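Two complexes come next, and they have one chain in common, subunit A, joined by subunit B in the first and subunit C in the second.
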Partner chain A sequence: MRKRSFFGQYNFSDSLLCKLDPRVKIVLVFSIVVFLFFVKTISGYILLLLFSIFLILLAKSKISDVFRSLAPILFLLLFTVLFQLFFTPGKVVYSFFFLKVTSEGIYLATYIAMRLMLLSFFTFVLTATTSNIELTDGFEAVISPLKIVRFPTEDVALMISIAMRFVPVLFEEATRIMKAQTSRGVLFNKGSLMQRARSFLPLLLPLLLNAFNRADQLAIAMEARGFVVGKARTKYREMQIKKIDLFFIFLFILIMAASIMVKRI
Partner chain B sequence: MNKNIKRLTRIGVIAGLYVALTYLTYTFSYTMIQVRVAEALTVLPFIYPEAVWGVAIGCFIANIASPFGPIDIILGTSLTLIAALLTRRLARTKKLYLAPLPPIIINAFGVALYVTSLAGLLGPKGLTISKMGTFSYIFTHFELRPYIIGVIWIAIGETIATYALGLPLLYALTKKGEKNES
Partner chain C sequence: MDRSGEKPEPTVKSGWKEEKMKRTKLRSIILAGILAALSFVLMRFTEFPLIPAAPFLKTDLGDIPLLIGAVYLGPWYGVAIAFVKNLLFLASGGGSGGLLGSTVNFIALSSFAIVLGSIVKRTINLKRLLLGFTAGTVVMALVMIPVNFWAVPLFLPGITRPALISYLFKINLPFNLIKGALDTITTVVTLTAIKKRNLSI
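After this line comes the complex of A and B, so read on.
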């Protein structure tokens, strides 16, 4: 088992981005991702792509990690590019039997491929530079305005941290059960997709029942320590917006403004 | 014991389990047909009411690492929550085999919608970048085929996870007399 964050991406470094306030990072990444849909030029995307590469370098991430984060959408990326390339009507540049490549198709394919890459690059920067605890605290702060509509943000934040805390434990338990069941003859990752999915039942059932036991024990422990649901709590770590955060907010706004204003190519 | 604390911790571990399973079967989750083993847990609201929030929060955390990031976090989680609420609703029918239907249907139609529109596949006829993503354009030039392919694609993966794994899990759990213990 690999010992690292379960997102498989976070690596602690002394980079500037790791020191940023998680709330600021979350809001900035969310807003730039929404913003991607308003940029309608390839030159705007090139600017954003350069910016995302700058951020990745600043985060001191390994190139291989960046590419691994792309792996899940590789198929979609390929399919989309081919689809746009061959099925967009317009001025034909090149034809091969029934396949026609149009200039509009090339343009669209590049644009969409860049959009998908930008999406995953910016998300990568967030998860590569923010630890699980910071992410939980950050998301709690970001959703806290929902309190107005009586959404139990504190309870949700607590459930998220319980979940995060249990992931490594459950993960280890799962590996152990998998080994135990393999020794009894269960074949994981063999056969058709259907059989492979089904082979997880001898893993899932004990895992789930054990998890419930753990949950009930945790509930007893929490109650014994005087925990009351819905009561306001204080934090061990207080987040603070620093000068560097303000600088990055400014930088993001600048880049966004520049990318929407660059001339169309 | 205080039922509320127990509910809270159970939601937490179900969410944790969802994330652990997603991570454990990471490579399996991203083959050509995506089978997210963790999606088998979406049948749980049928017997455990606390699983509604469990799978929603689990999906939220798991999606933080998704390459679509914020889009998956917000839209994917909402869809999972809606499906879980519907599954909970279906529990009244007492027919176990109905439990996987909401996650399959909601995810297939919902996720396919945002993935295909993200990839610009919804209206490729005469599409230009400036028109892309505008609602009026998508409505007037709606291209059904790529969307339907997307729907079927996701439905297959979801069906494998829920019917091949989720449903047997549900049967096993109800047989064990664990039903609605809390």
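After this line comes the complex of A and C, so read on.
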């Protein structure tokens, strides 16, 4: 069902990547995604692409899942590639009426297509091998140094875990309300922009009012169980860095260094 | 009958004040979390392009819970909701923009939320709301010019400077203003509907 494709990217397997420390995975993937914007050569991108394919194979994910993760960027990919292909000035290789394909255009189009694909591949590796709980815990640990500047890391982590918990619930509720209102004759996705915007009020209002009620109930329930905001809590699962984590840190640094050093083709 | 002697809404007003005292920090955090989840769900439900010429500039109703959060809970909760919403978006596989799109969206929405939240300051009347929303829209549209000046070349390295500038002022600026205006209308309508029910938020 569609609910699965929401947060359904994670699939449990006994792969090495699933066993990695979530903190390490988050930091590594984030740094390599930022790093992508500093790689200036296609050969560097080819190296990174091979590396991301290696990671995907290591994660034992299905090929169909990988392609599905590309689906949302497909339009952007096509748009940018065509834009670069036809509107980059330079040496004309091929012309068709007013459209001119230049060699610089081909170069830039390949470059940008690879950048976009790499962005989505690396994010996929993270989300496919890390469960929501691990992601939240890992993220809380990663931002915890910000406590020094009085940034409320616990509050943010609590917000994230509550939000993750409520996404499937709210999604189901939204579907239900949408069906109920459609059966009463509300037309979604029809008419002009203003009509469409207005037609969502019968969907939005019940959702919001339920959200307020839920917040009340949850706050009372948590306070009744002695929850105090910002107080240190113990965890069921302790995260610890093992040898395999150190190995992957080393591997990522190696790949990043190699991809920036390879010569321009 | 002469109604001038009557005060129309004393009970409502005192009710608001009383409820405000009851609001705990935990409840605010929980509400913000749920609003972020709602924002994410609505974003997935209702994404539609605004200007036909630029289909990658999308808008959705996901901003409404966020702006409501900024109005009721304060500007920093608005920023936090924007942050969590984009984090969820990334964790769910990311939209068309990926990490960069999420960052740009976060900057836009948090600038809107900060301006709106600090003008409204949790006192909800139409005058302040409209002032806050207008200022928020304008600030968001202005902030997006330098941000896009930085972000667009990362997607389109071949773009020339004049083309970029004409894109920013002819497509991007009107888009953000229309988006802000649409957000203003929908959120104010929703807020009035909530207030009519005399709820305690």
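By definition in this document, the second predicted complex is superposed on the first by the 246 of 265 C-alpha atoms of A that agree within 3 Å, B and C clash if a C-alpha of one lies under 4 Å from a C-alpha of the other, contacts with A are read in each partner's own complex, and residues count from 1 in each chain.
We take it that a residue touches a chain if its C-beta (ideal position, glycine included) is under 8 Å from a C-beta of that chain, and two chains touch if they have at least 3 such contacts.
None of the values given here were measured: they were computed from a predicted structure.
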* In the superposition on subunit A, see if there is space for subunit B and subunit C together, and answer fit or clash. => clash
* First (subunit B), second (subunit C), both or neither: which does A:Phe86 touch? -> neither
* Asked: Which holds for A:Ala219: it touches subunit B only (first), subunit C only (second), both, or neither?
  -> both
* To do: Report for A:Thr41: first if it touches subunit B alone, second if subunit C alone, otherwise both or neither.
  => first
* To do: Look at A:Val156 in the shared chain and tell me whether it touches subunit B only, subunit C only, both, or neither; answer first, second, both or neither.
  => both
* Would you sort A:Leu209 into first (subunit B), second (subunit C), both or neither based on which partner it touches? => both
* Could you give the residue numbers on subunit A that contact subunit B in one complex and subunit C in the other? => 6-7, 9, 33, 37, 69, 72-73, 75-76, 79-80, 83-84, 87-89, 104, 108, 111-112, 116, 119-120, 123-124, 127, 135, 155-156, 158-167, 170-171, 174, 193, 196-198, 200-201, 204-205, 207-209, 211-212, 214-216, 218-219, 222-223, 227, 229
* State the interface residues of subunit A toward subunit B in the complex, per the touch definition above. => 6-9, 29-30, 33-34, 37, 40-42, 69-73, 75-76, 79-80, 83-84, 87-89, 104, 107-108, 111-112, 115-116, 119-120, 122-124, 126-127, 135, 155-156, 158-167, 169-171, 174-175, 189, 193-194, 196-198, 200-201, 204-205, 207-209, 211-212, 214-216, 218-220, 222-223, 227, 229
* Asked: If you look only at subunit B, which of its residues touch subunit A in the complex?
  -> 1-2, 4-6, 8-21, 23-26, 28-33, 35, 37, 40-41, 53, 57-58, 60-61, 64-71, 115, 118-121, 124-130, 132-133, 146, 160-161, 164-165, 168-169, 172-173, 176, 178
* Structure fact -> In the complex, subunit A touches subunit C at residues 6-7, 9, 33, 37, 69, 72-73, 75-76, 79-80, 83-84, 87-89, 104-105, 108, 111-112, 116, 119-120, 123-124, 127, 132, 135, 139, 155-156, 158-167, 170-171, 174, 178, 193, 196-198, 200-201, 204-205, 207-209, 211-212, 214-216, 218-219, 222-223, 227, 229
* subunit A-facing residues of subunit C, complex -> 24-27, 29-38, 40-42, 44-46, 48, 50, 55-56, 61, 64-65, 68, 80, 83-85, 87-88, 90-100, 154-158, 160, 182, 185-186, 189-190, 193-194, 197, 199, 201
